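Structures given as structure tokens follow.
Below, subunit A partners subunit B and then partners subunit C, in two separate complexes.
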Partner chain A sequence: MENSKQFVHKGVVYSITTLLLIPILATFIYSLSSSWGATILPDGFTFKWYSSLLTDPRFLDAFGRSLFICIASLLLATLLVLPMIFVVFYYYPKLDKVMNLLILLPFAVPPVVSSVGLLQLYANSSFQLVGTPWILIGTYFTIALPFMYRAIANSFTAINLKDLIDAAHLLGATTTKAFLLIILPNLKKGLLASLFLSFSFLLGEFVFANILVGTRYETLQIYLYNMRQTSGHFTSALVMTYFAFIFLSTWLASRLTRGNNQ
Partner chain B sequence: MSYVKINSLSKRFGDVTVFEDIEFNIEKGEFVTLLGPSGCGKSTLLRTLAGLDKANAGQICVDGVDITNVSPQHREIGMVFQSYALFPNMTVEDNVFFGLKMKGSSKKEAKVNLQKMLTLVELNGKEKFYPHELSGGQRQRVALARALIVKPRILLLDEPLSALDAKIRKNLRQQILDIQKELNLTTIFVTHDQEEAMLMSDRIFLMNKGEIIQQGNPVEIYTKPANEFVASFMGNYNLISGETAKHWFNINTTSPKVAIRPESIYIKEAGRHYADHISSPKSAKIISHQLLGNIIRYNLKVENEVLTVDLLNRSSERLMPKGSEIELLFNLNEIQPVGT
Partner chain C sequence: MNTDRIVQQDQRKQDIKKTRVFSKLANYKPILWFIPFAFFFYLFQIAPMIWVFINSFVYEGKWSLENYHEIFNSSFILQSFHNSVWISFWSSLIGLLIAALLVSSLRHLNSRIKEAIIAFTNMSSNFAGVPLAFAFIIILGTNGAVTLLLKQWGIIEDFNLYSRWGLLTLYIYFQIPLGALLLYPAFDALKKDAYEAAALLGASSFRYWIKIGFPILSPALLGTFIILFANAIGAYASVYALTSGNYNMVTIRVASLVSGDLFLEPNLAAAISVVLMLLLAFITAINQWLISRSYYGK
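Here is the complex of A and B:
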């Protein structure tokens, strides 16, 4: 009885996993096959799609741009959000409720709508912002904000902030020192988790990138979109490379966050 | 001249007055307790002394120097919190070392001092442990060592024993006292537990609603309660009206109430001789009794009053059943007129 039950459970889990893996596996095989037309199995295997992708300077440039924008917006978010949450939690704990409403705003407006609004807002500004990476960094900051705020705020509630800072003050530490030496190390886990989550989310962002900047600053997703007319094998290789990268960073994230949990 | 002098200290949060015109002096090496029910302002008073909350008016002097406007970093006051407030990302050693590190000392220099502190709180061998790997009592001892290593002029203890279970509380209580005496440390202890306050303190400041109601050594506070509040807070005092007391004990009192300790009332035993001041017999009826281990507590009805009487539980045969009619004797020296 117990065994047959477990058999059913395992069966469900394995079949769902297989179902989810099929498209990834198919894409992977397609990206490795020389041609795969009217036959059940591909005609032959080759690495040429990967080699042509990884030697394409346009791809490498787009990848670099995407990395730059993501890292820059996350850096901006970290620098702004960390001290802000500290101020909210330590000096004005009542503001947490306001913040929780505020961080929901980016979700309330769909990207297509808000990008049009941003275009109108910045199209006629005295300095050129639309079409540059800077507007994208600013926009991505608002997308990353909810993830960052929630995760870091959770870490803040998990520690006894007031008593810890008070104890540090009485032992001679300034508020800045107390923040850097005591509070920050305890936020590491939440911060890293939110950074990696936002990173993989931002790397795959297409709508804002396409409308606000488009081909003038080709990011990875725009490149993928522009390459849709070329060989399917090539785009499959592109998708698999992207997927592998996200997988790697997620794995790294779980490794790092686990490392903190001594 | 007193070591710590507090002059008309006041603290408000917005419109709410937490305490007003607090005055007291503490001698060097004294162990004093701020005792009172929750919300009486004792913790805020302690935080104000530490500089964590700013006083709205008044003055705090330590060793003749006004420190009212000195930042907590420079007050040289150590504090132990109810929540331990240990730094979770640091080992025991790093926690204790933190105060010296802030003063620019290196771990190498401080090694001897660090070991001495850990020996003092009996935590040798736990240097590399993290706070979450320790028990509550051990954590509080780390917090104590952390506060003591910088040689504070005053040690503040904010309900440090409240989060611990009974047995550990008893041990740590003794340990704190031993260390305090050994270092001759001026200590201010905050608690809501009157038993703890009586056991530990040289002097008790009893607080209620932001005021110090009575101060004195534990014996004075317990045997001579200044008013009804002190009497009901310090023990299971019986409070009867002044009129009834006049009538019962044939005494002259203008106080609205008199307090009688439950252990100063006797249940008369046949054939036993009582001293002269133990008199004023009254007949009473037992309503109920509770066995508190070494003490039997009777609730009795005398005329229209209900009294509590504590007797030592000498032998189980003396347990009198509910409804028994008995005679009471009162120790007239222990009848204490109190104000409201």
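Here is the complex of A and C:
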């Protein structure tokens, strides 16, 4: 009885997982096959799609641009969010509720809606924003905000913030010094996990990049979209390369959070 | 002499007042750390929303409801709403059911498999947008391997990935991992004792789910449904990549009105955006009402 039930549960889990795995697996096989026409199985295997992708300067440029935007926006988000959360938790703990509502906004407002306003507000500003990476860095900060706020706020509740700072004050440290030398090392894991998680979202961001900037500053996703007319094998290799990076950063994020719980 | 003393006293009083004001200001010094955050958040999140709201009521430079009139008189825009709501509703419902099935079975497996599956769903929740659309073209396109396989087995006659059914399949695919991640913690509320007690009293598995399992989970299910719905109705990249913007959906309409090749009408796009947000708010309100009515939501 117990065994047969276990069998059913395993069957359910494995079949749904297989269903989710099919597109990823198929893309992987497609990226390795020399040709796969109107048949169920491919004709032969080759690495040529990967080698032609990795030697395409346009791909390398796009990838570099994506990395630059993601890292810059995560840096900006860290600089803005970290002191803000510290002030919330140390001086005004009641504000946490307000912040939890505010950070829902980037979730609740679809990027397409935000980009309508962004485009009109900054298309004719004296400082050129639309069509440059700068506007993406600003908007990506809002995308990363909810994840970073939640993760860092969780780390803050896990430590005895008041006691730690008070002890540092007693020993003669200023609040800034206490924050940098005592609080920050305690937050490291939570912060890094949220950064890797946000990185995997930002690398896959397409809506803002397409509407606000487009081909004027070709990021990885825009490059992927523009390559849709070329060989499907080539785009598959591209998708798999992108997915490898997603895999790496989500894996790092989950490792860090697991280490945090122990 | 006397007046001198009074002046001195006044001076001292003022000094005390000044230091008080300063120390009060010093109390507010930590607020300064909010300013850079607030500045960027306003610039890239709040200001665009305000622009959208205000300008949805502006038509050719004058205050008017003309943009909204246009929406409700244009069968093309109404069709985009109909398509978006249809796909969002069904993909959320089916995605939620599959995710619930996955999570409820997952709880019975050993922790190593559990962790691996959770890690996998976590990762596949990032497999969305343009890359997902491409993967679907490869497997379910006209010459896709799965399409050919299903045709050979005689299960389907023809499958058009670029139609509403194709899009629905794609949407369900990206709803499942998200639904599973959101539902996973909620299933902790189901205690094994309750199931065993029900079984002892002679309830079948089905009866347990209808009478105990489902009522306990209903707030979480409703809450997850609304997140999936919002996720689907705001989705843009996957439809755009799959159909090059040819399938009529709300997000496609909005984007083409602000960044298309011809007929830019940002104010009409703003009005459509406001209607979309109202629709989301309305559905969230119904959802909250349902949750508050359910016994376990209290």
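Throughout what follows, the second predicted complex is superposed on the first by the 254 of 262 C-alpha atoms of A that agree within 3 Å, B and C clash if a C-alpha of one lies under 4 Å from a C-alpha of the other, contacts with A are read in each partner's own complex, and residues count from 1 in each chain.
Criterion: a contact is a pair of C-beta atoms (placed from the backbone, for glycine too) under 8 Å apart; a residue touches a chain by one contact, two chains touch by 3 or more.
Remember, it's a predicted structure, so these values are computed and weren't measured experimentally.
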**Prompt:** Based on the superposition on subunit A, does the combination of subunit B and subunit C result in a clash or a fit?
**Reply:** fit
**Request:** Quick one: classify A:239 as touching subunit B (first), subunit C (second), both or neither.
**Result:** second
**Request:** For A:83, decide between first (touching subunit B), second (touching subunit C), both and neither.
**Result:** second
**Prompt:** Looking at the overlay, does A:142 come into contact with subunit B only (first), subunit C only (second), both, or neither?
**Reply:** second
**Asked** First (subunit B), second (subunit C), both or neither: which does A:166 touch?
**Response** first
**Prompt:** After superposition on the shared chain, which partner residues are touched by A:98: those of subunit B (first), subunit C (second), both, or neither?
**Reply:** neither
**Message:** Let me test your reading of the model: by the given contact rule, A:180 touches which partner, first (subunit B), second (subunit C), both or neither?
**Reply:** neither
**Asked** Is A:75 touching the first partner subunit B, the second partner subunit C, both, or neither of them?
**Response** neither
**Item:** First, second, both or neither for A:121, with subunit B first and subunit C second
**Value:** second
**Prompt:** Does subunit C touch more residues of subunit A than subunit B does, or is it the other way round?
**Reply:** C
**Request:** Classify the contacts of A:27 with the two partner chains as first (subunit B alone), second (subunit C alone), both, or neither.
**Result:** second
**Asked** How far apart, in Å, are the nearest Cα atoms of subunit B and subunit C after the overlay?
**Response** 11
**Prompt:** Where on subunit A do the contacts with subunit B and the contacts with subunit C coincide?
**Reply:** none
**Asked** Okay, in this complex, where on subunit A does subunit C touch?
**Response** 5-6, 8-10, 12-13, 16-17, 20-24, 26-27, 30, 36-41, 76, 79-81, 83-84, 86-87, 90-92, 102, 105-121, 138-139, 141-142, 145, 200-201, 204, 206-207, 210-211, 214, 221, 224-225, 228, 232, 235-236, 239, 242-243, 246-247, 250-251, 254
**Prompt:** Where on subunit A does subunit B make contact in their complex?
**Reply:** 159-160, 163-164, 166-174, 177, 181-182, 185-186, 262
**Message:** Could you list, by residue number, the parts of subunit C that touch subunit A in their complex?
**Reply:** 30-31, 33-34, 36-37, 40-41, 43-52, 55, 98, 101-102, 105-106, 108-109, 113, 117, 119-124, 126-132, 134-139, 143, 145-146, 148-149, 152, 173, 176-177, 230, 233-234, 236-237, 240-241, 251, 254-255, 258-259, 266, 269-270, 273, 276-277, 280
**Message:** Using the touch definition from the top, list the residues of subunit B that touch subunit A in their complex.
**Reply:** 47, 50-52, 71-75, 77-79, 81, 83, 85, 87-90, 98-99, 102-103, 130, 143, 146-147, 150
